[in-house]
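For reference, the structure I am asking about is given below.
Chain nomenclature is as follows: A, B, C, D, E and F, assigned in order of appearance, with residue numbering initiated at 1 for each chain independently.
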C-alpha cells in the first residue's frame, strides 16, 4: 500500500492542528510520550516533530508533506513546495507576528538605535537579514526561550513571537517593529509532489483542511421570502456568494439559503427580518468547499 | 464612532450570558480581575457589574442598556425601558423563583403565621411590599448571603432565590409561598432609547439574543414524503410553524422542512416515520428568528 | 399515568448511554450517590443498575425494558425480547470482545494447551460453554476484577473484555482466541412487550436511540451542480441512499443533498469538486432515521 | 534473594494503604493499567488484587501475606494467620460497618420482619449465617453493586457497607441492625509464617505499619517547667505514657516531653499553661512504636 | 451538655479559618450547600455566616463567639468583647488594608480633591467617618461588589480591600490613602463572657488558635555545641526566647534547642555553623504556646 | 543595598528548585508570564532563564550565581566556580543520565557500529567529544526536541536525557551507552566569588540549600533506653552520625536521639525495639546541616 508521510507540529500548533484534522475527517491520536500517532487512514503515516524541524525534514524527503509556520520555512531557508496557506495559529484563526521589542523605558525608538547593541531571538537568520537590509550592525544571539525576560539586563532588544501582546506587556516591553508575519502552510517535498499518487493525496488533504478552516468561521442561513421581497433580499445578500434559491410549494414564496461569515450573520439577520424575510434560521457547518 | 454602553451581569448570570452572546454573534472576553471586557464589535462598550446594580446605573444613564433579572429591576424600583424578556437564568433556559421558606418543623404554615416574626432576605423591598399587601407585620432584615443557614436560630423565615430547590432541601427548609418569579430582561435607559442610532442597535441586539435563545431549545427536521402521504404529514406537523415544502426532482416526491422544539422532535419523529416519512434528519441550530 | 420502567447501566456503559439518550431527546440526571434519576418524560421511570444484573431484572419483570451488553444477556441465560441492537460500547461506536489471553511468554499457544489449567474470568458460564465445545477440561474461577494481574502467578489464563488491547499489552498478555463479541441491546420483558402501550413506547425509544447513533457518525452534504454535471454527480454518490434533488431558481442548476458516513465525506468531497460540484457544504446532524 | 509476596488491596482501600506504606517507609508505585507495582525494597514483591480475593490467595499460598478487611476474611471462610489489626478503612482511621437496611417507610422494624423476604448483598455467606442464628428464613441474593438502589422495587432489604451513612441517607434507607464491624488486617499464609525469614520480615512490616498508624493521630508535646511545678505537671499528664524528663542547664528547671493523641493535646495545652508550663511546643510525628 | 455557639466566616476567610482550626485541634467539616458544620467537639456548635454579619449576631447573643475581621466589627459598630487578635487574612498571615483609590490618570491626588465627588464602597460607615474627620463632603454609595470596575465611569473613587494590590493594578487604579487596616479577631458576646464555663472555653480556644498561628511561621532548631562554644552560641541566639539547654552524655557537650521564626532560621543557621554548632537540625511545628 | 543576582532554571528543574528554596527559607513567587520573581530577601535578585543559558550568563557576569545542570555547564564549555553540588533533578533527589540510544531492533550494538551514521541530540558538543574519544565518525545534528521520535526514520541514533527510562521504552529505543551523568550545581561567576560580601552570601545559600536537600531524605529518631541496653543500642546505630544522648530524670534511663536516612529508619526501628528501645518516635525534618 502506498503511504504519504506527514510531519505534524508538536508543541504550540499541535492542539489546533489536531482539531483541524478531526474536522477535516482524520482522527489523529497520539499516546502519551510517543510521537507516531494512529490515524484513521491507512494511506497516511504521521510523525510529530517540532515545527522548527518540519521544513528541513520535508526538504530532505524524509517526510513527503508537513504543516509548518511560514516563520520557520523562511528561517530554515528550505526549498519546498508551498501547497496551501492555512490561516490558523496557536490561538485560533489568525496570523502571528514576530516583533522587535525593547523595554518600555529604553531610549531605543527605532531599529537604527540598536546599532552596536545585542538582540536575543530564536529566529536568528530572519533577524540578521532584517538588520542587514536596514544597514544596522547588531549582535544577534540564539535564545533558548524565556526571551521576554532578557531585556534590559541580558540584551538590548529581542525578536519574539506575539499573538495578543499580553506576554510583552507583562514583561514591560514595547514593540518597535514587526519583522515577519506568519501563518501555517501545508508544504510538500518537491519529488513527492512530482509523484502522481502523492500529489493527488496532498491536494485532497489541502481541499479538506481548507474546507475545515472555512467551516469554523462560517454559518448557514436559511429564510423564506415572498416573491415581492425576493429582489430586495437578493440585493442585501453578499454579491460574491451565489445563494441557493428554490421555489416553495406555497405559491409566490421562495426558500433562500446562503453561507456567510459568522460575523456577517450578526449584521444580516436583523436586516433580512426588516425587509420581510421569515423563519430565518442559522445553523452550524463542518466544512465549506467552494 | 458611536458607542452603546452595556452592563453585563457579573456573578451567577455571567457564564450563561456570555454563552448567549457568543451564540448571538458577540465574543466577549474578560481578563482575570478586570471588568471591562474586549468585545468583537467596535460599537459596543461593555462593563461587568453586579446584577443588583445594573438597573440603577441604566436608569441613571451611566449605561445605555443592560441585562438584569426582573427581581432586581423590581427591588431597585427603577424606571427603565424593558426591551425584551430573555428566558434564561443561572441554570439554563428557565425562570427562577424567590420563595418564602421556614424550617421543615416550624409551626409556621402560611404567611399570616409570621406576624411579629423576623425574616432575612437580600430582596428587602419586594419582601416588605409582599407582607404589606397581606397585612402581616414582620421585621425584614437585609442578609449578606448564606441566608439558608439562618432559620431557626437567627430568624424565623427567609425569602430566598431557588431554581431546583436542592439548597432549601439541604438546609431543611420548607417553602410556604412564592413571592416573585424572575427571568432576565434586556433593559434600556429611556433617553438612550430615544436616540435613533442607539434604539436601532438595541433592537438588533434584542433580535439576535432572542434568536440565540430560540436556537438552544429548537432543532431542524427534514424529511422526504410522497405525494400521497404529504397531506397526512402536514396534518401531523404543528399548525403554528409553517413548514418549508419543496418539490423533489423525483416525480411525486416532496421535501419538507420544519423547525420544532427539541422535546417535540422526540414525539414527532416516530409518528412521521409511521405515516411514510423517509430519510428523516434532525440537525442542530444556532439561531431561530421568526 | 402509565409508566415504562427502564434499567440503565451503571458503570462502564453509563456515560455513553446518557449521551445517547440526551441526543435521542431524553435528559437523564442522576444526583450523586443515588440511582433513581430524573428524566424529562413522565412516562419513563429509570433505575441505574449494574449491567450484569439488568438482564435478570428485565426477565423477572421488575423492569420493563433495559440496556445491556450482549455478553451479560448470554452469561445470565435469560429469556427476554431483544428489541434493537445499538452499536456502541464504553469507548464509542464499536463492539467489544471477550478474549482468552495468556502471558506473552506462556507455552500455551491454543486453547487445547489449557487442558488441566486454571482460568479466571467474570464471565464464568460463557467460558465454561466455550471450553466444553472445544472439549477442553480446565478449572474456571470467578474473578472480582484486576483479572489481567493474575497470570501467570495466580492462574494460567484469563477471559477478559478488551476494546483497544492496551490493558492486555500493559500486563504482557497475549490473545489466543476471541470467545464472544458484544454490543449493547435494548431488551424487553416478554409480558411488557405484549402490552400495547408499552410496546409502542419501547418501539419509539428504539427508533430514537437508533436515530441518535446514526447521528453520531453521519453528516449532511449539500452542493449545487449544473444540469450537465448532474448525471456524473449522481453516479458518484452512494447508490443506497437516495439523494434529495431540487431545482434552483437559476435555470439549469440543481441543489443536491445527501446524508453520508463522516469518513465517506472525506473521500467524496474532493471528487464532487472535481466533477464540477459547487458550494459544497458539510453540516452536522443530531439524528438520522431511515 | 528471598522475596516476600504481598497482596495489596486494589479499589477502596488502595489509596489509604499506599499512604500508610509510604509513611511506614515503603514507596509503592503502580503504573496505570498494571497491577505489579515497583517497591523500594528488593525483598518485597507486591501484587494489587481486589480485597475480596486476597484472603483466598493468601490461604492457598500464592501470596505470603496480604492486607484484607475482616469482612472478606470472614466471608471467604479462609484459614490464615491474623498477624496484626490495623485500624483504618477507606475513609480514615476508623472501622466500617455492614448494616441491614430497609426503605425509610418500610413496615420492617426488626430482622424478624424479613421472614420470607429477599435481601441483596455482596456479603452473602455472612448474611446467611446472621439470618440462621436469628432463625429468619429469607432469600439472600448476590449483588454486583449499586445495592442501595434496589429496595423496595427489587428487594426488601440489603446488607451493605457504610462508613458515614451518607449513601444510605441519600437513598432513603433506614438501618435496622449492624451485622459485622470490620477493620483491616495484615494476614499471612500459615506455611509462610512457619518460615523463619518470612516471619521476621512479616513482623517487621507489622511493627512499621502499626507505627505509621500511630503516627497519624498522635503528636509530640514539649514544655519546660520549674521544679516547683514539675509534680503538678506530671499529675496532669496521662499515666500510661511515661514522659521523658530531663534536667535543663538552668538550675531548677526541667524539660518534659510526651507523645499524646492529637485530640488530647487540645485539652492538655491550656491546662499545662495554667499550672506554669512554659514554651509549650507541639510537633508532628511520622511513626510511634511502643 | 453545655454548648458554645460559634460563628465561622463563610467566604474569603473560610479556607484559612478551617486550616487554622484543624491545626489548633478542631476538625470542621461542612457538607456542600449547608452551613451547620460537624465539629469533633461536642461542646462546640458552629454556624457559617458571612463575616459582615458575625459581629451583629455575636452582639445580639445569637452566637456566643465568632471570628470576624476588624473592618466589619468597626463598620457594624457593635459592642462585643475582643478576646484575641489573630494575625491572618484570606491570603495568609498578614493584615489587609482598605484603601481609597482613584484611576491612575485621575486629577485627584489627595482626599481633599474628592470634595463633591462620589465614592463606592462596601464599607460605607467607616468611609463616611473618614471623610468627616477630614472635612470632605462626598457622596458615599454602597457597592455590591466589582467595585474596582466603577471608576471613572460610575464613580470618582472607591474604598476597597487590598492584600497584594494586584487587583487595583489590573484595573488601573492608584491608591491615595489607607483608611483602615484589618486583621481577624476572636470576639465574644458580653453576657457569654460573664458565664464562667463559656469564658473558660473561649479562653482555651484563644490559646490554641494563637498557638496554631505561631506554629505556621516558626520552626524548631536543635544543635550540639562544645562547652567552649556554648557562650558564643547563646550570645547569638535571640535574647527573648529562652533556649532549652541540656547536658549530653559526652563530657563537655551540650544540646541546645530553640524555637524561632522561620525567616530567622535562614540567618541563624550559617552563623551557628560558623561558631562551631554541630548537627544542626530544623524541624516543623504544629503549635507554639508561650 | 547590595544585591546578589541569581539565575533560576525555567522549565524542567523549576518546580523542584522552588520547593528546595522554600524549604531552605526563601519564598520565590513568579507571576504568570513573567520571569522576574518576588523573593522574600532584599539582597537577592532573581531571574528565570532556561537552564541551558544560565552557565553562559553566569560566566559573562550578567548573573552572579545560578543553578544549572552539570550537563549544560559542560556543553556550554564555560569557566565558572562550581560552589556546591545539589543532588536533585526534575524527578527528585537523584541524578539524570544522557544516554546513546537506538531502535530496539537496530543492528547497532555498540558505539562503533554508528560509524558513518547520523545522531540527533540537544547536547551536540558533549556528543561530538564522546565520539571523538572513541574514534567514531558520525554526523551529529542539533535537535529541537521530540528527539525520541526520530529514529530510525530521521536519524540512526539519539543522545537523550533519561530519568526513569519510560520515555525511551515507550518509543521502542534501546540504550547502548551512558555518555554523561548530571546533577544540579550552584555555580558562581569568578569575579563575584572574589567579592567578600557576595562570597559570604553565596556560601550561606549553599549551606541552606544543602541543608534543605538533607531534610528531604532524612528523619529524626528518638527513643528511651535503660542503662543496661544503652551499649547495645549505640552499637546498632550508624557509627558516622554521633547520637545525642541525655540522662532522663528516671534513674538508669537515657534518651537517645539521632538523624538517619528515611530508608535506614525502616531497618533500624524493629531492631531498636528488639534490643529494648522504648517509646521510639520518628519525626520529620526541614533541614539538616552538619
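Note that in this section contacts are C-beta pairs under 8 Å (C-beta built on N, C-alpha and C of every residue); 3 or more make two chains touch, one makes a residue touch a chain.
Remember, predicted model here, so these are calculated numbers, not experimental data.
Enquirer: Compare the two sides of the subunit B and subunit E interface and say whether they are made mostly of the same residue numbers, over half shared, or of different ones.
Expert: Interface between subunit B and subunit E is built from largely the same residues.
Enquirer: Enter the angle, 0 to 180° in steps of 5, of the rotation superposing CA atoms of subunit C on those of subunit E.
Expert: Subunit C sits rotated relative to subunit E by 180 degrees.
Enquirer: Measuring centre to centre with C-alpha atoms, which chain is farthest from subunit E?
Expert: C
Enquirer: Using Cα averages as centroids, what's the distance between subunit A and subunit C in whole Å?
Expert: 38
Enquirer: How far is the middle of subunit A from the middle of subunit E, if each middle is the mean of its Cα atoms, in Å?
Expert: For subunit A versus subunit E, the centre distance works out to 51 Å.
Enquirer: If you average the CA atoms of subunit A and of subunit D, how far apart do the two points sit, in angstrom?
Expert: The computed centroid separation for subunit A versus subunit D comes out at 58 Å.
Enquirer: Touching at least two other chains at once: which residues of subunit D meet that condition?
Expert: 246-247, 283-284
Enquirer: Testing understanding: with touching defined as stated, what is the shape of the graph linking the protein chains, line, ring, star, complete or other?
Expert: Contact map by chain: other.
Enquirer: What pairs of chains are touching here?
Expert: Per the contact definition above, the touching pairs are A-B, A-C, A-F, B-C, B-E, C-D, D-E, D-F, E-F.
Enquirer: Would you tell me which residues of subunit E are touching subunit F in their complex?
Expert: 219, 222, 224, 246-250, 255, 262-263, 265-266, 269-270, 273, 278-284
Enquirer: Which stretch or stretches of subunit E touch subunit B in the complex?
Expert: 5, 10-11, 31-36, 47-50, 52-53, 57, 62, 143-146, 148-150, 153-154, 166-167, 170-171
Enquirer: Can you tell me which positions in subunit A touch subunit C when the two form their complex?
Expert: These residues of subunit A touch subunit C: 24-26, 40-41, 203-204, 207-208, 211, 215, 220, 241-242, 244-247, 254, 259, 283-290.
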